[in-house]
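Below you'll find a set of structures to go through.
In what comes next, chain A is part of two complexes: it sits with chain B in the first one and with chain C in the second one.
Now for the complex of A and B:
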């Protein structure tokens, strides 16, 4: 089986969302400064050479048994100042996604807001009841994922049995409403792009040390589009801290990496980051790590194809990574909550 | 978790009292000051704490830290987030190098932080003197997963 957990789709024109929202909200969004500025940046804000060009979508991967569609325009609400408008926009995006991006071998993610967990929990339950969705896209907000702030989101995710997918929108480290990057505010978009793994490392550490894995044992997380070669060293570091300071986090009752190695996955793009100098064989020789990497093509944003994966990892390891996504499939019945 | 107090499973009386060796007068042991002694030809650490008198291995199983320089303390029991339950004062010793905690009664790593354990040796106080057996306590049998 082949699973592609990172494909992107975009609304060609934001006005296509208007039928999916209250007419008065549509009038609010109809303003030129909204349509102009946001449409301009539809192809992953400042993260693509296609920036400024008309929005593009990847569609389902030809070889994949299931492709997850991330509506990246929706994920970009993490940078919005008007957080009420953001939920209206995300809700309309979810309605549009269900109608346009649901197919036999393709399913969209439910976009929720990191700024409004109560609304997000309701949206998760509504959309899961409708069916057709394969995941919950939780954008990176200024509050780290381990915080109790997200407990309503995780409770809903546990109930409906869908994994949380965290994919950057492109405004992280730039817009005040979104997550910052470690170290400071970067002048260059290319610095930000290169340092996006910070987002995953910060949030995985937060999930581990703030006890979220203990509170919600059924919730699964996929960190998408942020690479993967950093995972072994991160887990070594958080384990080392826990061994010395367990008494300061007594709610973390076992070695933190054990939670991550059960419930967190990372996508394979860009696969070349771990194939230089034999890093794949060196860092991911252990099945515990190798099993966490799922195929994510990142198409249509100059991502990796199935052929790229096989060329870089070899046929056997590529076959495993292509199939690892099975662990993220929807659970018909929630476990442990 | 290895609960430091409740999981003490062996008692000095389980051992042949004849193999106990006299170490020193109890009065010489300052509270919470770890000192080394030789028992049966091997070096052990001996300490008097508010919880009793204990003998344990001289070397941390992690990277070989000298346990004579360790810190006698208590620890936190598992708890919900942002809630602390401190207890076991005098039943835990922390390695001076990385702070790994060990149960002074059993030698086991508190809460299974590492697989290794420091040795643990039965101690008795007889007539005001401290006696120690050179027979290391056996680890608890592994619990089925």
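Now for the complex of A and C:
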């Protein structure tokens, strides 16, 4: 089986979202300043250079049994100041996604807002009841994922049996109010892109140390588009700190890496990052680590094809990574559930 | 204690030992009258971490490092020799004074300069002159790079001064703000040492980890390494080593197991699109290998199954320096690190060869 957990699709023209929102909100999003900001990429990491310029969307991967579509335009609400507008936009995006990006072997993620957990929980339940979605896209907000702030989101995710997918939008470390990046101010997209994995590291640490894995044992997480070769180093560190400070976090009842190795996955793009210096062979010979890496093509942007994966990892390891995504299927779909 | 035989057949250079003055008032004799009066009136905040924000669950110092006669842990140079240097056969300790770290929470550049200059003179007289096995990193605060450069030049050529400890606030290492400091350090032939100050993630003008505000001390400590990594990336991307090809930077207590992942990611992105980083002229990992070294503490506690993997990273042997972080609570016991964790074929490099390449053979005054 082949699962592609990181494909992207975009609304070709913003006006196509208007039928899915009130006329007054459509008027809001029609303002020239708003459009100028999202159309010009500046030095964003933003995956598409401009809205509306091809390529904008990837169809289902021909070889894949399931492709997850992450609407990256929707994820970008993590940089918005108007958090009400963000929910309207995400809701419209979800309606559009269900009509346009749901197919036999392709399903979109439900975009929710890190700023509004109550709305997000309701949106998760509404969309799951409609059907057609394979995951919940939770953008990186200013509050780390382990906080009780997100408990309504995780409760809803537990109820509907869909995994949480965290994919960067490109505004992290750039827009005030969005998730910061490590260090100080990074002016270049190159620096921010190099350091994006730290977003996953911090949020995984937060989930572990705040006891979120204990509170919501059924919730699964996928950190997407930020590489994966950093994972062993992170797990060694959080285990060491837990041994030193476990009396300070008594709600973490076992070694934190054990939660991560059960509930957290990471996507494979860019796989060459791990083969360039030999990290794949050095670290991912261990089944515990290798089992966490799921194929994510990152199409239609700079990404990895199934062939790239096989070229870089060899046929056997690639086959495992291509199939690892089964662990993220909706609970009702997963084998043995 | 008796010397532990066989720990290392090589000289051991410990690249992270923290000396303390017994009290902050011990620095006052090394200041002008006006600054002495200023600090007598205002007091001295000689710690950086916001302790009401990230309170340590126990004690940040080893309890067995508090002098019998009183004073903070690590404040008796004789006791550090007796408890740490002699027993493990350490030939050279890089002294990184931590009381100056408090200035990263200060807003007055002139006060920070006056205080830190006094600490440099104090530790030269009280520690460097006490035993030739002590080598000092003279500290410079980041508030005023020209004043910092002058302080470096004041100590250039002083026996026992083997590095410059650069403190960081909001600006990262690639910022051209630091160019006067880098020029002075290169001119003096001194490497920079960059150690966490405790201010990370605490103030609006300090650097922090990605993603938001960690809740607890242990969680913060898990991701503190990111600040070190971010500064490595920033220095490379902003062309620091193109401007200062002689510059060496010792990253102290930022970990190292994350390094291959960061290097690989930078290399890949640069190979894909060099126009994204116009100041980078060759593979980012090459700059890192030539200009940075990383200390071993806190050593990741990997299981036996992963120990080989940790140290098998390409080029790691040439960039690692042994460190203990004595007298802090998370000191890495040299027996723990050198006795079982460092591979045999790493030991000469990690114990002293890499250190002498960075600090120069003259750093070993006791030899």
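Rule of thumb we're sticking to: the second predicted complex is superposed on the first by the 314 of 337 C-alpha atoms of A that agree within 3 Å, B and C clash if a C-alpha of one lies under 4 Å from a C-alpha of the other, contacts with A are read in each partner's own complex, and residues count from 1 in each chain.
The criterion applied here is as follows: contacts are C-beta pairs under 8 Å (C-beta built on N, C-alpha and C of every residue); 3 or more make two chains touch, one makes a residue touch a chain.
Every value quoted in this text rests on a predicted model; they were computed, and no experiment measured them.
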| item | value |
| --- | --- |
| Partners on chain A (chain B, chain C) - clash or fit | fit |
| Touched partner set for A:144, first chain B, second chain C, both or neither | second |
| Touching partner for A:215 - first (chain B), second (chain C), both, neither | first |
| First, second, both or neither for A:245, with chain B first and chain C second | both |
| Touched partner set for A:253, first chain B, second chain C, both or neither | first |
| Dominant toucher of chain A (residue count), chain B or chain C | C |
| Contacts of A:224 with chain B and chain C, given as first, second, both or neither | neither |
| Apex chain A: angle to the C-alpha centres of chain B and chain C, given in degrees as a multiple of 10 | 50 |
| Shortest CA-CA distance between chain B and chain C [superposed frame, angstrom] | 5 |
| Footprint overlap on chain A, where chain B in one structure and chain C in the other make contact | 210, 242-245, 247-248 |
| Residue ranges of chain B touching chain A (in the complex, touch as defined) | 1, 75-85, 98-101, 110-114 |
| Residues of chain A defined as touching chain B within the complex | 148, 210-211, 214-215, 242-248, 250-251, 253-255 |
| Chain A to chain C touching residues, read off their complex | 140-144, 146-147, 172-173, 179-186, 188-191, 193-195, 197-199, 201-203, 205-206, 208-210, 227, 229-230, 232-234, 236-245, 247-249, 270, 272-274, 276-279, 282-283, 285-286, 302 |
| Chain C - residues contacting chain A, complex | 57, 170-172, 207-219, 221-223, 225-227, 229-231, 233-234, 237, 255, 257-258, 260-270, 272, 276-277, 285, 298, 300-302, 305-306, 309-310, 312-314, 329-330 |
